[in-house]
Every structure is written in C-alpha cells, then in structure tokens.
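Both complexes below contain chain A, partnered by chain B and then by chain C.
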Partner chain A sequence: MTAPTPTVTELNAARTAALIRKLTALADDEIILAHRDGEWTGHAPILEEDIALANIAQDELGHAGMYLELRRALDGSDPDRLAMFRSATEYTNTRFVELPRGDWAYTMLRQFMYDAYEALWLEAAQHSTYAPLAEVAAKAVREEKFHVQHTALWVERLALGTPESTRRTQTALADLWPHAAQLFQPVEGEDELVKAGIIPDIAGVRSRWEAVMVKHLQDKCGLRMSRDSFPGPARENHTEHLAPLLAEMQQVARQHPNAEVW
Partner chain B sequence: MTQLQTEQVWQALQDVPDPEIPVVSIVDMGMVRGVEVDGAKVSVTFTPTFSGCPALHVIRQSIEDAVRGLGVADVEVVSTLTPPWTTDAILPDARERLRQYGIAPPAPAGEGLITLESEPTRCPRCGSFDVTLTASFGSTLCKRLYVCGSCKEPFEEFKSV
Partner chain C sequence: MTQPQPDHPDTQHHDTQRHDTQPHDTQWPRWEVFKQDSEKRPYQAIGSVHAGDPDHALVTARNVFVRRPAAVSLWAVREADILMATPQELVGTPDVLAVSGTAGLYHVGIKKSHKRSMTFVDLVGAVQATGPGDALRQAHEQYPDALAWLVFPDAAKVATDPDPGTVESWFAPATEKTYKQQQYYGTIGRHVGELKRSGQMPGRVNEHPHVGEQPAVKHNEEPVK
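For the complex of A and B:
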C-alpha cells in the first residue's frame, strides 16, 4: 500500500514520537487479538463460526497493517519487521488481548468488548486533524460494523441461552472487565495529540463505550457488571502469556528472515 | 508507439477480473479511481475494498500487467483510501452479473455505520425475500451466507459496506 504523505506542519518532534507510540499500540492490540482469534481456526464450535472468526481476525490484521503504514510514513519502519521481529518486552498491546482465548463465551465477549471500543474510537478518529489517520479510520470503521453486529448477537445468545452458557458468559465478564480498563490507558504524550485534534480523547471514548456495555451486557443480556474501576498497568507490562504467543506467531518469519515469498 | 489514450487503459483494466469474484472486473467493482497518461508513463489510482483483503497485492500486480500489456514500460499503481470504497460504487450491470452468478448484490450502503440490524436481502435465484441469514461471514471478507426459504437454495450475499 502506498504510504500517505504526512502533513508535516501539524507534527513537531514530540507529537511525532507520541503518534508513533499510539499507532504502534493500536496495531499491537489488533495483531495479538487477531492471533488469539486465529487459534480457533479448525477448533470453533461450528464451521460457520470458524470462518467468521477467521474473517474478523483478517480484518483486524488489515487494520494493524494500515496503522503500521501510517507509522512507516513517519519513521520509515517496516510493518513486517515490527510484527515479526519484536519481542514481548517491545510489544505494547494490552493484557486484555493477550490473555489465552479461554472458552467460546470468553472469546466472543472479549471480541464484542474490543469491537465496540474499536468502532467508537475509529468513529471519533474520522475527525482527526491528521488527514492520513482520518482516512484510515473512515475505512476501518465500516468493517467494524460487521464485527459488532456478529459478536453482540453471540454474547446475547450465550448470556440468555442455557444455565451453562449464562454461567460461562458471566464468568468471562468478571475475568475480562478489570483488564478492559487498560484499553483506555493513554500512551505517553497522548494528551498533546488530543489537544492538537490528531486523535480522539480516550476518556470520551470510554464513557460512550461503558454506556454501550451497560445497555447490551446488563440491560439486554442480564449480566451482572462490576461497578469498580480498575487502573490498568502500563502497556509495557505483560503477562506470561505473551511470549509463547509471539514465539508461535513469529516462528516462521524468524526461521526464514530473508524469505521473499510467504 | 502512437500516443496511448486514457480510454485504452480503462479498456485494458476492464479485462482485469476481481480475483475472488471473476464475473466482475475491478472497474465494475469501482476499485479503479483514475487513470493518467503522461507521455510514456501511466499512473493508475485504485482503492482497496476491504483493508485486510488478501487479494490486494494480486490486484496491484494484475493492474501493472494489464497496462504493461499495452506496451507501457513505466507503470505506477497508486492506492488511495479517500473516499473509502463502498458497495455503492459497484456498477449497475455488474450487480446484475453478480446476481446471475448466484451472489445477491449488496443493498444500498447509505449512512448510519454502527447499526445492530442488517439490511433486507432477496434470493438471487427466485427473488424471494423469505431468506434466512445462516452466517454473517462467508468464504471471503466481502460476503455472508444465506438460505432461501422459498427455493431452499443456499446463497452468498455481498455485504453492503
């Protein structure tokens, strides 16, 4: 893909560095969640869902590719190198996306929570004063619509299904909720980007997201939601689950670093 | 070589099929945004359908090959995201060819991006609205699966984006 031309006038060195951090954090969440979703390939409960989750994962990877192309336009870094040759200490994804895939309820609920967050962030990012980001957001938000429709329906089906599926969905929510807070942790220098209108204010995204969560998870699906707020650790602090994920994901690239055809 | 006309380039691109739905071309799909002929150099601007579409590099290569086939050595393929591609860009006769091929063409995309309800769909074979969504994702990013309650045939629908 051709890299968009950065509008240099709006970016000083500090903002460029902060924007690179933000784009990388966004991309890293997409890559890691896509990998977790991809683990279901061949293992999902039914064939249609196997295909659906693979489709969703593919979209998320597409979004990661767009974010990393934006980064390439700023510092010349290669998206494939960033994805395949960084270690766990260099990845800046949230714990929320790196936790093991769990059962189907856990996977669907995490995807729903993430999709709603992503759709709301992208919806706001369409108004970015940094034109290349606004363009990417306008593209990606159209694809998120299908994810949210799909996962919202699955969460409803599971939460209101059998006692077993209700119990599993409730357990997944209790596990995931504290970790979701990390999605809304600003990166270093993010406030400067918000002031310049380059990225949306994450606190505003969070309040809209929480309203969607309450409406769907509590009012529609009858799940019990925690009222506690959790701070969430910095994005550099990972669980023990990330390193094995990367080892699997990066294995082929690292064994054949000079391969030209994948 | 005589001066190449923009029209000839469009004609060549009209023969480049969508790799995943070969009954329509990339021009039919509204993916080609512009063609510029500047002396011996040709520049083609295209827009991707889905950002994660694995066929993108194939499409870029096919565009280059098609233009080189006209005897042009200097070909540039530029991609753009603005305005984002929508299924409304698919040309009317291509929509009919999709239907004949067994893929229900997309409903008008319109605005209101984040909705939880999907648009009405009709069976591409018998035209019935008595259809049931069986999977909201299909064999490619751009399609989903239905079954018709009237003629009982399963079919794919092009998602309206």
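For the complex of A and C:
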C-alpha cells in the first residue's frame, strides 16, 4: 500500500484504546452474525441457499479475523482467544446480530440490513488515514457488495411473494428495525478517531444506509417502515440470547484449550 | 444482469413426457451453469442449480460454483431450453434433429473426453439455426467425433454483468481465498505412513479368525467352556 501511514504519535494512547474498542465491536458483530447464519447449515430452504448462507457466514468470519488481526498489531491480543474465551459480558456485539435466527425472512432481512450497513461503512473506511484499516476495507467491501445483492434479491422476492411471505417479511422488519439503530452507536472515543480520519463518521454512514433501506424496503418491496428512531442500549448490554449462543460456539475450544491444530 | 426471457414453448416439447401418475417435482426449475475462467477460455458446463428466476440462478450459481475457483463470467440456462444428445441417442431417436423452435443464434457445446473433470461440456461456438434440432444437426456435422452435443438459443441465457464492479465483487475475492487441503488434517494424530515406518502400525486384527481371545480353529477343536 502506498497510502500514508500515521506515525506512532498520531495513534496516541487514547486513540489506540478507542481503535481497539471499535475493531473489537466490528469483529464481534461479524462473529455473532456468522454464527446465527451458520445455524442454518443443513436447514436452509434448499441446498443451494444452504451453501450460499454458509459462504456469507464464512466471509463475515473472515472479516472478523481481519479486524482482530488489526487489533493484534495494536495490543498483541490473540484473535482466537478473543473469539472463543470471552463471555457474554465481554462481547460488544449489537443485539441486532445476537437475536435468534427466526425464519428465513427474518434471516434474509437482517443479513440484508447488515450487509448494506457494512458495505457502506467499508466503502468509507477505504479512505482511512490508518493504512492497515484502509487495506482491510478495500478487500472486505468487495464481498459485501456481493452479499447485499444476494440478500436484497431474497428480501424482494419474499416481500412481494405470497401473502404469507409478505406477512413474515413485514413482521421481521417491525422486529428488527428498532435493534438496527444500535449498529450506528459510536464506541467511546470514536469521535477522536473520526477527527483523525482513521474511521468514517458513523452518522454519515447511517444517513446513506437509511436512504438505501427506504429505496429498497419501502419503494421497491412495498414494506411499511417505522420512521421512529431508537437509540438502543449500549453494546455491552445483551439480551438473554447471547450466552447460550456463546456456550455452543465456544464449546469445543473451551473443552480443548490446548489444541494446536483445527 | 439480463432480464428473464419469455418461455420458449416450442423448444420444450422434449420435456413434456412427464406422466401425471408420477409425483410432481416440487423443485424450482433447474438451470445449467456455464463458467468462464478467463476472457480467453470457453464457457464450460460446471453443474446445475435450482432457482426461481434468472437473477436468483446467477447469484446461487456464484455461491455454489465459484467461491474458490477463478471465473470472470457465468451463464445460466434453464434445463428446458437446452437440447442435447449423445451419438447413441442420435441413432436411437433421430427425431431429435427435427425438434422445432425459434430460429436464431444457438450456442453449441460438446463433450470431448470421458476423463473425470469438474467440467463436462465446453461451449465451442454458435450457429444460426431454424430451431434446436437444426442447431443440433449442425453441431453434429461440425463436431462428428464429440461424445455429446448440446445446444441452446442465445436468447435463453442469462449472464452476469461484464462491468468491473461485478467482476470485482462476484469473482475477484475467490482468487485470494485460502483453504486447507484435505491432507492437512492428516497432521491431527499421526500419519499412517509414519506409524508404518517406525514399526508401530498395529497388525491386522483377526489375521486368523478368533472368537474372543481364542483362535477360531482351536475353538472348533476344543469347545470353549
């Protein structure tokens, strides 16, 4: 990469701590959503979609790995330890991604809303003044642009399909919308990172995201959208659904903490 | 992506022999998927997907077939729009060359080898034909030694966009994805060759028939009490 790398003084202690928080929050959303998607393996409506959703889940996990490698470069932490040995109180994912997978409409709609958010965030993060993040964003944004095509396609077909699929998609939107706001909550110290050009301004990402949601969900798919704004609880504040998810996800790693080969 | 094409009822009559006494297929239509590895390579048949419509067929094909392998373009063609035949079938049912349908440009694919491969049919060109049967006849004439011929109208195919954005998001990430080869997992425990070389490979159980600890022969001679 030829982008200018911030010097050590530009990433002072406060910014480093904030960047670690942000990278961890981004990674946590990816890990938990990937696990929810992975729960469909063997259960998706058709084999082809089973494979497709597993692909998407693996991509999201790959992005988590990239974020946590960026964190490792800052504080030496081990990505596998962070993923597999933190408890629910230590995870900083949004409730939006930890809620149970629901039906296919719920899963596809959540993934669409998330993919659109992630694609827009990554698109902006490609211009980060922190070169390692810009590089990761340029890589990951390509996959998100494909994900969002796939999930937008499904949401459209479900919303405009049968009366039952329309009803299920509308219900999923009513359930998910209030939780989506949490994706746009800044972490502590995020404004300093934005000022330094290290990460994109989340408010800008949010307004672009809302425009995409209105265009697709309301204008194209005919779904009714709430215009209410829900700030949501802090990222440390989880539902009762996260702990059982982690218990399953971390089970093997915790039973064999010394395993060297996976 | 290209818009769905109207049905080609005339080209489908080879698919209308389903007996109503049989259970109806509840699957979505099947689409044959053709993949192009690079601009210089032919499109090759790599398998099929079930999908509700053309755009769905393409995103599904991308997920199923090109997460890892190199590709720059995908085509999907509904099974009902494809006419194919082997040399044996041409002898047995020569009527296949009389299948009528829409006149126009038809793509021609041939199977060249019995060798096991991830692809079965290469698209080798296109012909102007009065219908699928005529296209198949021309394919047979041009490639008499092929092991199978396949034709479909150009209008029946749906293709991924050739724009850089699509290539970048659909196909480029595949070339950088790493994965573990199967033999990597041999390092869990110890490889069988290593055990053999160090003389630790356990002998075959029951090299002579046993009943429990007792050799079977002895068992026959002296019944176990």
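Details
By definition in this document, the second predicted complex is superposed on the first by the 254 of 262 C-alpha atoms of A that agree within 3 Å, B and C clash if a C-alpha of one lies under 4 Å from a C-alpha of the other, contacts with A are read in each partner's own complex, and residues count from 1 in each chain.
As a working rule, a residue touches a chain if its C-beta (ideal position, glycine included) is under 8 Å from a C-beta of that chain, and two chains touch if they have at least 3 such contacts.
Predicted model only: the values in this text are computed from it and were never measured.
When the two complexes are overlaid on chain A, chain B and chain C occupy overlapping space and clash.
Residue contacts after overlaying the shared chain place A:Arg157 against chain C, while chain B stays out of touching range.
When the two structures are aligned on the shared chain, A:Arg167 is found in touch with neither chain B nor chain C. Looking at the shared chain after the overlay, A:Arg142 reaches both chain B and chain C. Comparing chain B with chain C, more residues of chain A are touched by B. Contact with both chain B and chain C is seen for A:Ile51 once the two complexes are overlaid on the shared chain. Once the two complexes are laid over each other on the shared chain, residue contacts for A:Lys195 go to neither chain B nor chain C. When the two complexes are overlaid on their common chain A, residue A:Gly65 makes contact with chain B while staying clear of chain C. Shared-chain residue A:Glu123: touches chain B; no touch with chain C. Remark: of the candidate stretches 5-13, 167-175 or 203-211 in chain C, the one overlapping chain B after superposition on chain A is 167-175.
For the contact definition in use here, the residues of chain A common to its chain B contact set and its chain C contact set are 48-49, 51-52, 55, 59, 139, 142-143, 145-146, 149-150, 153.
Within the complex formed with chain B, the residues of chain A that make contact are 1-2, 4, 48-49, 51-52, 55-56, 58-63, 65-66, 119, 123, 135-136, 138-146, 148-150, 152-153. Put simply, chain A touches chain C in their complex at residues 46-49, 51-52, 55, 59, 139, 142-143, 145-146, 149-150, 153, 157, 261. Every residue of chain C that touches chain A in the complex is listed here, in rising order: 27-28, 49-53, 55-56, 59-60, 62-64, 67, 165, 168-170, 172-173, 176, 187-188. Interface of chain B with chain A (complex): residues 48, 50-54, 56, 78-86, 113-116, 118, 134-139, 141, 145, 159, 161.
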